[in-house]
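Chains here go by letter, A, B, C and D, matching the order in which they are written, and residues are numbered from 1 within each.
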Amino acid sequence: MLKGYTTPRTPRGISSLAPTPPWHYVSTSLAVEFTADPQKAAGFLPEPLEPSGDGRCAVYFAEWQFATDDGEEYLDPVRSQYKETIFLIAAKYQGEPVAYCPFIFVDQDVSLMRGLIQGWPKQFGTVWMTRAAALPSKAAPLEAAGGKFGATLSVRDRRVVEARVTLDHVTDQRPAPTFARGVNIRYFPELAAGRHDQPAVHELVQLKSRDVQFSTIWTGSATLRILEHPHLEIGDLAPISVGAGFRFSFAFTVDDVVSLKDLRRQVAQMT
Amino acid sequence: MLKGYTTPRTPRGISSLAPTPPWHYVSTSLAVEFTADPQKAAGFLPEPLEPSGDGRCAVYFAEWQFATDDGEEYLDPVRSQYKETIFLIAAKYQGEPVAYCPFIFVDQDVSLMRGLIQGWPKQFGTVWMTRAAALPSKAAPLEAAGGKFGATLSVRDRRVVEARVTLDHVTDQRPAPTFARGVNIRYFPELAAGRHDQPAVHELVQLKSRDVQFSTIWTGSATLRILEHPHLEIGDLAPISVGAGFRFSFAFTVDDVVSLKDLRRQVAQMT
Amino acid sequence: MLKGYTTPRTPRGISSLAPTPPWHYVSTSLAVEFTADPQKAAGFLPEPLEPSGDGRCAVYFAEWQFATDDGEEYLDPVRSQYKETIFLIAAKYQGEPVAYCPFIFVDQDVSLMRGLIQGWPKQFGTVWMTRAAALPSKAAPLEAAGGKFGATLSVRDRRVVEARVTLDHVTDQRPAPTFARGVNIRYFPELAAGRHDQPAVHELVQLKSRDVQFSTIWTGSATLRILEHPHLEIGDLAPISVGAGFRFSFAFTVDDVVSLKDLRRQVAQMT
Amino acid sequence: MLKGYTTPRTPRGISSLAPTPPWHYVSTSLAVEFTADPQKAAGFLPEPLEPSGDGRCAVYFAEWQFATDDGEEYLDPVRSQYKETIFLIAAKYQGEPVAYCPFIFVDQDVSLMRGLIQGWPKQFGTVWMTRAAALPSKAAPLEAAGGKFGATLSVRDRRVVEARVTLDHVTDQRPAPTFARGVNIRYFPELAAGRHDQPAVHELVQLKSRDVQFSTIWTGSATLRILEHPHLEIGDLAPISVGAGFRFSFAFTVDDVVSLKDLRRQVAQMT
């Protein structure tokens, strides 16, 4: 009997790329709110989501550590750490505000696999984030008013996002749109001839996380550049205006997702 | 209407991690036939496969280039090239010989995604292969009798496979077990609470490739080490005896797979 | 007139791999004190250093950020961040205690170049370190009593060092041997025929740093494994006993080094 | 007695980043001839070189394998393989044509160290090159008329060079400027306070290689883009016109270099 939450499934079940949930996460994050062209942003939304109408988006950068209940994966950190860039677009589902992720980039296969299962459309990217220091130094900002933080994303050898945030004050406000109302598309295609556009899995899901904790949240001014990439439509989300920046940590646990709608009856059209 | 064969699905459909098939491939490959402990090898086989009884396996290393029909991805090779290590175990399905892949490692996300769709249990690994030179040099072997080639696999910072092949003569024989009779498990889990062990997709499939071409095949003697890894059961496939080594190129096209058996204990029902 | 502190030297001088000092640094560090075989440890010391006699060593892991006076390199962190593993052996120079570095591994070229100039024998390695979280989570330790931290080094695809530290209490003690008394060998060989063993630069230097600051220092128990590597003599420093572990940040500035002795008259013997 | 051609120098001498010469090399190379703004190209030349006056340059991409006399490093290819992008500018030294390298990028530390010793101003870059296949496939060109090859360079997350060559016919002509008349600047700075601009080594050298072999050389049409990079002056070499492209292998051995001129304004005096 083979065991394992994902492939490879093996006799002892310790080889699976993604281990059995729950998955515990903690991050240091930098986020920037911005507005994209509302029509272009709306174009990224899958049915049955409806546009917010105002093009509101956010980009999050995060340095993550992950572990299972008893795994202590963080003690062999190549198994646990990864960096990520996440785009969220404000949308509506059945009249309620939600957030949809058109693009997300990580740098570890384990994270990619966990993401696909939750409907995150993950692919590989190279993410860098300024770290705060506990000591005053020209080599690092302090997590304090005036502290300047940068974050960048590169995909397949090309720089595509450059963000900067200057901390100003502590806030109770979290960046928006927010993960708390995230909806994703779980999608796994067929390869059998004639069925390339009839995915085995095509499902609108509501993300669920539990035991969510936020650290102190710093906010301040931000700049954001989103650059064209020949094989990504990310330039279509280039900012028309840039809002506030944020820096914070958050932690949570994932072992569930809520199915909202099976989308398999509507046959996808592919290029 | 969003487009794309895989996520991310986007307005123009050019951002999908894996493009719409057909997928054309060409490789330079090194392979070593070996025998593992028959009982341990049998333990890796999913139902309804049956063991060959003799522990026959092969490990393949390959440097690949990939393209779509009109994509010419190989002209921006970060999109096209990847390296891979593949293990195959000889098995039987309904009395016929087949080959099953317990472990496979690649170094690009695009390849990982295409693999998951075909049922390859891909994860990330670092693969190195000796290259032949067209010129006599102490820096490289010639593809000729006496030419010595090495290949290695490392996974999450640890060396796990070391192979060497010394070419002796040209052969008509391909290494065995072979991809030609490969069967995989397509598998995509559920994350909804209570259904972690009821995958949305769990299917035995027969790999299909077309337009298969082989170059001249060189064979010779080989050595092979498979090392223990704390988070992979790959050491259970350590060689009891090592057979012949092979070096060759092969090319083929994939745009189909044949479903052999739905292995879901109960078919997931989603609304 | 070409400009630049190192190659490449260019018209505007902005392309040099290492910029003109001062170099400001800040790190998060994990350190483990240990004892190696005293005779083997002594074998790594260059003349005119003398052994401490007791085989005392330390290994440091660090996540660094670096900047120049006005560069704010940390805002484009691919230019600024790197990870490092450093070995120090206790020794004596003219009867005074010093620390000598036999091996050091980094993951960025800029750091490698700055290191060579200071006499650090840098090469590439892959370093991972557990991060502390500001929030209680199974995914990370707190920087507090009981917090468990791991660090690892891999070199050319092979794991070579695994360290773990469990924090117990705050201390005023810094790990020893310490950078404060570091001596290095600056070394740049000749390639001209017949002079491969007559280096252009071969000099014992005393490291200098200024504006040194330490954060709170946590200490506790530690474990340490140093594994054999076929192309490194690092296994000769395998611990006979393991002492305390430490976690702390430190920051400093480098723009000087003190020449202690020109070693060029003593012709090196090479393998 | 410590041994080793470079640091780290150790008891057995097997740990040095760069081993003792001779160094044997073999490559597959793609090259493009082009003309840069003559005045800007001249600005990259160190004294006492003189400009060619016509802005002639070439960019070479290469996949290398390297070995020492008895090392067979290519059998553990992580020790042997690397990829490289090299720029050469046509110049004159004492009235004779030479070639000077303003920028060179590699992806392995061993290659970086060997390069610094020869005066190559190496730093890290990510290089990709199309591979030819032995079999006709949409996934690769043949090394034959009409075969299309691409090569790219990215530095610190940003794409900076994109080249394409379409093979047309075999030629006896090698691309120019050529390595055969390469001159480099060996340069190793001082860090002692007040002497940052008085390098310990600053020397014009003539590259020497022996046992040089070329494969069949294919030539054809080419395109070339050189993009701006915020921390490299490489955009100043953007092509005004693009000449022929080339594809070939070459092999050679290095264990010597010829000192042409000591460029130190005052020879460093160390005790």
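Things to note:
The rule is simple: a contact is a pair of C-beta atoms (placed from the backbone, for glycine too) under 8 Å apart; a residue touches a chain by one contact, two chains touch by 3 or more.
Computed from a predicted model, the values in this text were never measured in an experiment.
Greatest Cα centroid separation from subunit B: this falls to C. For this pair, subunit C with subunit D, the centres built from the Cα atoms lie 29 Å apart. If you average the CA atoms of subunit A and of subunit C, the two centres end up 35 Å from each other. Touching two or more other chains at once are residues 76, 78, 126, 128, 152, 157 of subunit A.
The touch graph of the protein chains shown is complete. By the touch rule above, subunit A contacts subunit C in their complex via residues 24-26, 28, 63-69, 72, 74-78, 80-81, 126, 128-131, 133-141, 148-152, 162, 164, 213-215, 249-251, 253. Across the complex, subunit D is touched by residues 2, 5-12, 14-15, 17, 20-21, 40, 43-44, 46, 76, 78-79, 102-104, 108-110, 112-113, 116-119, 121-124, 156-157, 185-189, 191-193, 196, 200-201, 203, 230-234, 236, 254-259, 261-262, 268-271 of subunit C. Considering their complex, residues 126, 128, 152, 154, 157-159 of subunit B touch subunit C.
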